[in-house]
Amino acid sequence: MGRFGLIFKSIAKGRVTEKYPFAPIELPEGFRGKPEIDPEKCIGCGACATVCPPSAIQIHVDEEQGYKTIDLFLGRCIFCARCEEVCPAEAIRLTKEFELAAASEEDLHQVVKLKMAKCAGCGRPFDTVRHLQFIAEKLPEEQKPMLALCPDCRAKLASKILTVAARRHR
Amino acid sequence: MVDKILAEYGAVVLDRNAKRLVVQVDDKQLRPLAEKLFESGFYYANGVGVDERGLGHDFAMYHVFASEKDKLYLVVKVSTSNLKLPSITPVIPGSNWAEREAMDMLGLEFEGHPEPERLILPDDWPKGVYPLRKEFDYNERPEFVERKPESTPQRTDVVQLPLGPYHPALHEPEYFEIHVDGEVITDAKYRGFHIHRGMEKLAEGRLTLNQVPFLAERICGICGFTHSIAYCQAVADAAGLDWPERAKYIGVILLEIERLHSHLLWVGVVFHLLGFDSGFMHMWRIREKVMDIAEALTGNRKTYGLVLIGGMRRDIDESRKNWVLKTLTELREETERVSKDIFGMKELINRIKGIGVLPKEDARALGVLGPVARASGIDTDVRRDHPYLAYDKLDFKVPVYPEGDVLARLLVRYDEIIESFRLLEQALSEMPQGDVMIEDYTIPSGRVGLGATEAPRGEDVHFVITGVESKVYRWHPRAPTYNNLPSVPIMLRGNNIADAPIIIASIDPCFSCTDHVAIVRKGKVIWKGPLGEGVKQVGR
Amino acid sequence: MTWVALAVNILFVLFYAPLMDGIERQVRARLQCRKGPPITQTWWDILKLLRRPPVAPEKAVRPIFNLAPLVAFAALLTAFILVPTLLPHSITFWGDLILVIYLMNSATLALVFGGFASQNPYAHIGADREVNIFLVEELALAFVIVTLAIVNGSLTIEKLFPVQLKLSVAIALIAFVVLVYIASARIPFDIPEAEPEIVEGALIEYSGSQLAFAKYAIYLKRLLLFSLLLNFVLPRNGVVRPLLFVIALPILSIIYASIEAYCGRYRVTEAIRLLKRISIVTMISWVIAIAGW
């Protein structure tokens, strides 16, 4: 048949190209598009920033103001969905949105600002309030007071308790 | 037989399993051993220089040899304390670029190398700064020295036709200088390594083991997934991990989908280069459905991003399986119908018949891989010779054509498309139930791992040394175009200028893959002098 | 009255030539299962290019390079004064057919010279191929015209049409249909412009308004060839002529574009071999014409 066969087939097949971008296109379930952080749910644990291969998610701590910011920069994102996979609070989800052109670089940043708790011992802001609350739900009652302390003070307190216990024991 | 050869040259076995063998030899024994291995059917698969000071050793060079006959990858390690090593390029030409890469990146010296010049670092890179040494930070920027561009002499007897660095037939920046007499190509020069992305350094310096697969996938814009699989296989090999069966089948499915879309893309591009745009459109119409399948299964058209060291991140939805199988059957019929018509267009087929011939002997000497090798009569396929994932449980044919011309390369790839459909149908219906990921594993440090996959363009070989704190100590991927590119000037010689783009395209070149470790040396002709000598240098 | 008719003709071809390309693009798109651009797309392209400033390469021989597209455009537009299109009016004088062919060829040659003047190696190869094909094509065309001239005893377009149907004329006409296809540089004969090989050939360095005129000239040439072909078969006078003309042009476009969509490009040697065969056919028609059939 050669080329005539092809011509007939093409006419029979009709047009297969889409009218996109003038008409929307269909995307399957599970499509990995633009990630979105739900600022209500985010606890600021930083797990997403740790796994993110291109470091599109970065954590900044402002100790003076007592804020932690989670900065998602879409210009670096590779849409791998690792963040979605590791998020303990299910705060970050990949949407079906993929048209990301923006007029300025700022528009590609998504920033979540979370208040940090101050250490009851030294007064230094050390972790987000929400993260502490998240952990508190999972901790046994007697260990909860420890959460008010920063890791340094916690270590000091723990060693103090241990020394006291050791003395008593002696 | 290999053991006998190794014993003869006093090689010490460091590590072995069914698929690969790591040995160390004294540097004096290296060249005779390499010669012997080449004679007994091994080809050069990968060469990696490693700064092992962080592991408590010296600098080392790992030469990876492969043999289809012995179904074995042989890693030969040689250490040096004074940075000097014997070159094996005089006995195995395929190691030319690998050794020069180690010279540039690590400052190793190879005694007896026929062409000890910079290959990948640019002219303005300062002397004595070696980017892959451990003291060099991944984000360091050295002071660049002044560059003196080398002027290439203008010839008056022939027209020097630049093909690239930007040319519509080359979809990536690469440069071929073609000398034409009328319409006939008399000579061709290739200058490469324009696209350096510093991937190895980035992986070593900044990424964790489970982040590297996403970087590896970006080595290639078409067949990236096979790179991430090869990397994960290499780490799994180093740590002795065995993936769950279901993960292996999913791997096969995704790799074959990738091969399908890559080959369909290539066949389309061939028709486009022949001026037959309708053929291009038909092939890409079919390919688009393959992309839809990939998107439905993985969430993305091209960068599947599904693989981690422990296995697959997503399972294949059983409810989608039937839809995929049905679509694949339709696509196979459609491909067969359309191809039958296109192959029936005599003048189109005659255009690619007998052009760009690569004889079998040249192909073997240059270590040509994949469909290009199979179109020159070399029976090689990693999937069959060094089975990985679930390929040993599946039935497929390896097409081999002896002609060595562009038509043979088209036919090999067409047959592979059909085989891929068969493989996909088998893998989807035979896929066992179970987990797709192993979660609890530890990666020991300082272990050597090797992962090889059959990418659509040929064999990918990834070499990994594991490090501490879940990092890679050294990662060196080798893409097939690295081996296939040197054969292009042989194919071009004596052909018509009208056929140059199609001949270059016939190896399905992937320049970015080749160059992932390379920086352009501007103004540098890799082959000096007439083509014959260039081929001799690289090929003999 | 003639002048008004001529103005109508010129305006018609100026308007229709890019539109014809738009129609052909749409035809090809349909045959390739694509939606394709709207038929006005070529017009938009030309209007866009006309607004852009041209850029010339440093080494180019400026006067020739800059003038070539305009010369080509002007030559073809002049040809439309001599060839009747929508309306049967035209300026006629003895030997005007030769002038038409001459003008058409000077347009081709202008672009060839422009290509050489750009000093680009791809343009050189493109121009070289163009000349190669042009020389053989010319031979065949000459025999077609001579055949017609012998049969009708004239070289004036007005006296030529409609042709008397004789064996020699029939052969020449068939050869002419093929020559129209080849001369309009369609695949597989677009060798001088082969995009994947030599990147538009002679046109490679043109940009902006110069490119617009060069492209416009190419579209005009295609329309001119179609008009010549239609003059052979359409009635010379009467009200049906404009109507038939307007209907026949898209039909020709559809036929030619369909063939174009399902061919691969020839190598220049293959094209020349084919052209030589056509030349022999036309030569035979000429011999037959002399014999009086």
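Note that the chains are named A, B and C in the order they appear, and that numbering of residues resets to 1 at the start of each chain.
Going forward, a contact is a pair of C-beta atoms (placed from the backbone, for glycine too) under 8 Å apart; a residue touches a chain by one contact, two chains touch by 3 or more.
Worth saying up front: this structure is predicted, and the values here are computed from it rather than measured.
A.B. asks: So using the touch definition from the top, which pair is joined by more C-beta contacts, B-C or A-C?
C.D. replies: The greater number of contacts lies at B-C.
A.B. asks: What's the chain with its C-alpha centre farthest out from chain C?
C.D. replies: Result for the farthest chain: A.
A.B. asks: Report, in whole Å, the distance between the mean C-alpha point of chain A and the mean C-alpha point of chain B.
C.D. replies: Here chain A and chain B have centroids separated by 35 Å.
A.B. asks: Mind checking the centre-to-centre distance between chain B and chain C? Centres are C-alpha means, answer in whole Å.
C.D. replies: 48
A.B. asks: What whole-number Å value describes the gap between the mean CA coordinates of chain A and chain C?
C.D. replies: 63
A.B. asks: Which chain C residues sit where two or more other chains touch them?
C.D. replies: 31-34, 261-263
A.B. asks: Counting only residues that touch at least two other chains, what does the list for chain A look like?
C.D. replies: 3, 6, 10, 13, 16, in rising order.
A.B. asks: So which bits of chain B are touching at least two other chains?
C.D. replies: Residues 278-279, 282, 285, 345.
A.B. asks: Quick one: which bits of chain B touch chain C in the complex? Just the residue numbers, please.
C.D. replies: Answer in residue numbers: 159-162, 167-169, 180, 183, 271-279, 281-282, 285, 345, 347-348, 351, 496-501.
A.B. asks: Using the touch definition from the top, list the residues of chain C that touch chain A in their complex.
C.D. replies: Touching chain A from chain C are residues 29-35, 258, 261-263.
A.B. asks: In the complex, go through chain B and note every residue touching chain A.
C.D. replies: It is residues 207, 210-211, 214-215, 218, 278-279, 282, 285, 288, 292, 295-296, 299-300, 303, 305, 313-314, 337-338, 340-342, 344-346 of chain B that touch chain A.
A.B. asks: Write out the stretch or stretches of chain A touching chain C in their complex.
C.D. replies: Residues 3, 6-7, 10-11, 13-19.
A.B. asks: Quick check: in the complex, which residue numbers of chain A touch chain B?
C.D. replies: It comes out as residues 1-3, 5-6, 9-10, 13, 16, 27-32, 51, 53-54, 78-82, 85, 94.
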